[in-house]
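Pasting a structure here, questions to come.
Per-chain residue numbering starts at 1, and chain names A, B and C are given in the order in which the chains are listed.
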Amino acid sequence: MLQFLVDALLRTADLALITLGLSMLYGLIRFPNIAHVQYAMCGAFLAYAINSAGAPLIVSVVLASILTGLLTLVIQLLVFDRLLKSGPAIAMIGSLAVSMVLVASVLGIAGSFPHMFSLPHTEPLIIGDARISHTQLWFVLTTLVLLTLFVLLLFHTQVGRAMRALACNPALADASGLNASRITNGVTFISGMLAGLGGSMLSLSTGAHVNLGYDLLLPVFAAAILGGLGNPIGAVAGAALIALTETAVTNINFGPLLGETLVFLPVSYISAASFLILLLALLFKPYGLFDREVRRV
Amino acid sequence: MYDFLIFTITIAGIYAIMALGLNVLAGYGGLLNFGHIAFAGIGVYATGIAHARGWPVLVGIPLGMIAAMILGWAMARLGRRLAADYWGIATLAVAEILRTVALNEDELTGGANGITGIPGLFESVASPWDQVYFSAVVLGIVAVTAFFSARLGDGRFGRALRLMREQPALAACMGYNLQKIKSHAIMCGGAITALAGSLYAHYFNFAGTEFMLAAETFVLWTMVMIGGMGRTAGVLLGVILVQAVYAFVPFLRDLLGFGSDVAGALRLGLIGAILLICLLWRREGLLPEKLRNPA
Amino acid sequence: MKKRHFLTLCASTLLVGNLASSAWAQETISLGAVLPLTGPSATVGEDIRRGIQLGVEHVNANGGVLGKKLQVIVEDSGNNPTTALTAARKLATVDRVPAVLGEYSSSITLPMAQYLVKENIVHFNIGSSSNKVRELGASAFNIIGLEAAGNLFAAKDVYALGHRNLALIAPNNAYGQGVAHGFTEEFEKLGGKITAQILYTGGQSTYRRELQQLARAKPDAFLYTAYGHESAVINREAKELGLRNVPWYAYIMSMSVSDTPADIAEGQIGMELGTAQGDLGKAYEDTFKAKFKEGFKTAFNGYGYDGVLMLAAAIEQGKGATPAQIIAGLKAVSEAGFTGVTGPIKLDDEGQRIDPPYDRLKYEGGKLVQR
C-alpha cells in the first residue's frame, strides 16, 4: 500500500513541474506548445553536459534550468510571437516544427544512447514495505518546495497578481498599466526554467535520452488540460490524478475476479488509460475538472 | 539501381495519397488532426488482419476504408464541443490509444511482431515487373486522388469547407450544418489515407506498429504545409520535397561517411527546419491556395 | 526552381553513386549486413560489426576471395523492421549483394529474411534465435543456436541450480515470446513452475510497474532476458526495488548485461551462446582486444566473424559469388567440416547449425566468467 503511494508520488513529481510550466504559459499565450516537453529534454541534456564537464550536481541542474529558460524565451520571441500573429493553429504547427528541430539537434550532438549520470550508488531507503532511492526522495522534496514557492509567488506577491490578471484579461491588464510583454516574457522564462528543472531532475533517475520529451507529451498535456489550463494548482492536481490512475491501473490484481492468483493489466495500457481519461474529460468537462480555467475553449 | 528508384517513387506515391487525404480535412477544412496517422494504421492492419484470418487479402482495402470512416465519424463527434487546438490533442490521444491496442492485442494484430507475409499486389508476375506494375498502380491512384481532390476543392463541398475554416459563424448563418461538413471531411480524408495504408502493407508485405507513431503524422503535416495547404499541386510538391530529403540523406551519409544517428538527426532536422522556415516566411506554403478573386 | 534543383541534385548523386559502385565491382566482391547500429541494441550491433570487420580483414589478409577483395556493406536497421526492409532492399537492388548477414532481433530478422529469400538472395542469420528462422527457406542459413536448444539448456541449468518457482520477464516481440513460451514448456516438463510472466514493451524509460507486478508472485528466482539499454533500466530498478535478494538468471547473458553497470550486474548468473572456443577462439579474442582496445562486449561478434569466413569459403568452393553458387558452396563447406571461432560448424539439411554451443556464466569482479 505504501509502495503504491510512493510510486504515485514519484510519478506526480515526474510530471508536476513540467505541467505547471505548460499550464501557466498556455494561460498567457493561448496555444498548445508541443515543444514544451522538448524543453524538458533539453534541460536534461544540458544538466548532463554541465555535470560531465565537472560541475557539482546541484549547480548543473540549476544552471541547466536557467539556460533552458533562456532558450524558451529566445524561441518564444523569435518564432512563436511571429507565428501567433497568424493564429493559434499555425503556432501549434510551428511548435511541432520546433520540436523536430530540437530533437534533431540533440540527436545529432548526443546520439540516441541514454546518458546516465554517474551518481554515487547508495542503497534505497526502506519505509515500511516501500522503497525509495535517495535521488527520488530529493526529487520529490525539491518539487514540493518549488511548487509551494510558486504558489506563494502567484497568490501573495504583486508579480503573481500581475500574472494572473494578464491571464484573465489581457486588454484590461494592459490598460491598467501592467507591462504585458514584460510579464509574458517573465512567465515564459519561468515556464522554461520549470520545464528544464523537471526534465533534468527526471533524467537523474532515467538518464538523459532523446525520447524524454516525447514520452511526456501526452501525460503532461492530459494533466494540464484536466487541471484547467492557466490554473497552476489545477495543473499539479491534474498531474497527481494522472499519476494515481497510471499507478492504480497496473497495481490492481484482477486475479480473484478471473479465478487465478495473479492477473494484471499489461503495463503498456496505462498510457491508454490516461488518454482515455483525457478524452472523457474533454467530452464532459472541457474547462478542466475544477472548472476554473481561463475561459477560452 | 533503377529498382531503388522505383522503390522511392512508389513510397512517395503512397505518402502522396496519405497527404492528399490529410489535405481534405486539414487543408480545405482547417481541421487540426494530429492523429491522422491512425487512419493509415487502420488501413495497414485491415489488410494485415484480412491476411492473417485467411480472407481474400484485397478485402482489407474496403474494410480499412470503412473502419477509417467510422473512426473519422467518431473523431468528428469528439470535436463537437472542442476548440481546434484541444481537438488536435484529443486526436493525438486517439491515435496513441489505437497504437497501444495494436501493440498489445497479439491475437488480433500480432502484437509487437506485426503481421508478416502479406502478399504484394502482383505476386504472380516476375521480378522486376511486379514492382513496376505496383508503382504504376500507386501512381495511378495518386492521379485519380489528386484529380478528385482538386475537383472537390473547387466544388460546392470544398467551398463550404473553406468557409467553415475561415468564417464558421457566417457559414452557420448561411445554413450549413457545420458538424455534418466536418464529419464528412474527416471521413473522406480518413478513407483516402486508409487506402494508402493498405497499399503500404502490400508493398512492405508487413503490418507493424512502428508506422503508427505520432511522428509519422508530423511528416504528413509537413508535406501538406510546405507545399501549400488547400492546394492539390502544392501537396504533391510538398511530398516530393520531403521524400527527396528522406532519400537524399542516406546517400549523403554514404558519401560523407557520418553515422546513422547523425543521418536520422539530419533527416528530422531538415524537415523541421524547412517547415519552420515555410511557416515564418511563406505561411500559405510554396504554392498558395488559389482563391477566386471577387470579380 | 527549388524543386528542380533538388531533383537534379538527387539524380546526380544517384548517378555518381552508381558509377562509383560499378567501378568498385570489378575489384571487389561485396556482401551485405543489416545490424542494429542505433537503438537499444546498439552495443550488440556495434560488437557484431567489429566481428564482421575482423572477418573481412582476415579474409583479405589471406588473399581475398577468388583473387578479389572482400567487402561487407553494413546498413543500420534502426531497430525497426521497415528500416531493415528498406536497407535490405537497398543492398539487394543498389549494391546487388548475393548474401546478407543479420539482423539481430527476431522480429526484424524474420520479415527481412522473408524478403531476401523471395528475391533469391542468401540470408545468413548470426543473431536471432526464433525457431521460425528454421522455416525461412532454401536460401536461408543459420549458425546460431535457436530457441529450442537455448530453452532446453537454460531450463536444465536453472533447475539444476535448485530453483522451482520463477518469475519471467522478456521483451514483447518474436524473440521474447519464443523464450517465454519455450522456456516455460521445458521448465514445467522438469517439474518447475513459472508463477508470473511479463512481456515488457521496449523503449520505455522505466519498468518499475512491470517489476512490481512480478514481485507480487514472490518467486525464488527471476529469469530475465532484455536488450542492452532496456535491461540496464530493468536491472537498476530491480536493485532499487529490492528484488535482487533472490537470484537473477540472465538468458543470453552478454546481451542482458551489455549496458548494465558492473556494480549492478555483480552476482547475476546466466547462460550464453558459446563465444570463442578452442585455440582459434583464443587467437581471435587476442586479435579483437588488440584491435579495439577492449574485450568482447557481447557473445555475438564471433558469429559475425564466422559468418564472413564461412561465406568467403563458400564463394571459393562454389567458384563464384552468385546466390546459387554460394548456396552450393555453403553446403560443400559444411560437408568438408568448418571450424570457426565459435567451434565446429556443421549445417543440417535445412541450413541450420547442428549442436550449437552454450556456456554457463556468472558476473563476477566486473566481467562475465565461466561457471
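The definition used in the following text is that a residue touches a chain if its C-beta (ideal position, glycine included) is under 8 Å from a C-beta of that chain, and two chains touch if they have at least 3 such contacts.
Since we're looking at a predicted model, the values are computed, not measured.
Enquirer: Taking contact as defined at the start, I'd like the list of chains shared as neighbours by chain B and chain C.
Expert: A
Enquirer: Going by the touch criterion at the top, tell me which pair is linked by more C-beta contacts: A-B or A-C.
Expert: A-B
Enquirer: Suppose chain centres are the mean of their C-alpha atoms. Which chain sits farthest from chain B?
Expert: Between chain B and every other chain, the largest centroid distance is to C.
Enquirer: Just curious, how far off is chain C from chain B if you go by their C-alpha centres, in Å?
Expert: Taking the mean C-alpha position of each chain, the two centres sit 35 Å apart.
Enquirer: Take the average of all CA coordinates in chain A, do the same for chain B, and state the distance between these two points in whole angstrom.
Expert: Chain centroid spacing, chain A to chain B, equals 30 Å.
Enquirer: Where the CA atoms of chain A average out and where those of chain C average out, how many Å apart are those spots?
Expert: Roughly 39 Å, centre to centre.
Enquirer: Where in chain B do residues touch at least two different other chains?
Expert: 103-104, 259, 261, 264
Enquirer: Where does chain A touch two or more other chains at once, residue-wise?
Expert: Touching at least two other chains: 111-112, 268.
Enquirer: For chain C, what residues touch not just one other chain but two or more?
Expert: Correct list: 38, 172, 201.
Enquirer: Per the contact definition, I'd like the list of chain C residues that touch chain A in the complex.
Expert: 38-39, 42, 172, 195-196, 198, 200-201, 203-210, 212-213, 216-217, 229, 232-233, 240-242, 261, 263-264
Enquirer: With touch defined as at the start, can you tell me which chain A residues reach chain B in the complex?
Expert: 31-32, 79, 82-83, 86, 88-90, 92-94, 96-101, 103-105, 107-108, 111-112, 217-218, 221-222, 225, 266, 268-269, 271-272, 275-276, 278-279, 282-283, 286, 296-297
Enquirer: So in the complex, the part of chain C that touches chain B is made up of which residues?
Expert: 2-3, 6-7, 9-10, 13-14, 17-18, 37-38, 76, 78, 80-82, 85-86, 89-90, 92-94, 107, 110-111, 114-115, 119, 171-174, 177, 201-202
Enquirer: Under the touch definition given earlier, write down the residues of chain B that touch chain A in their complex.
Expert: Touch residues, chain B against chain A: 30, 32, 78, 81-86, 88-90, 92-94, 96-97, 100-101, 103-104, 218, 221-222, 225, 259, 261-262, 264-273, 275-276, 279-280, 283.
Enquirer: For the complex, give me every residue of chain B touching chain C.
Expert: 1, 3-5, 7, 103-104, 106, 111-114, 116-117, 127, 204-206, 208, 210-211, 237, 240-241, 244, 247-248, 250-252, 254-255, 259-261, 263-264, 286
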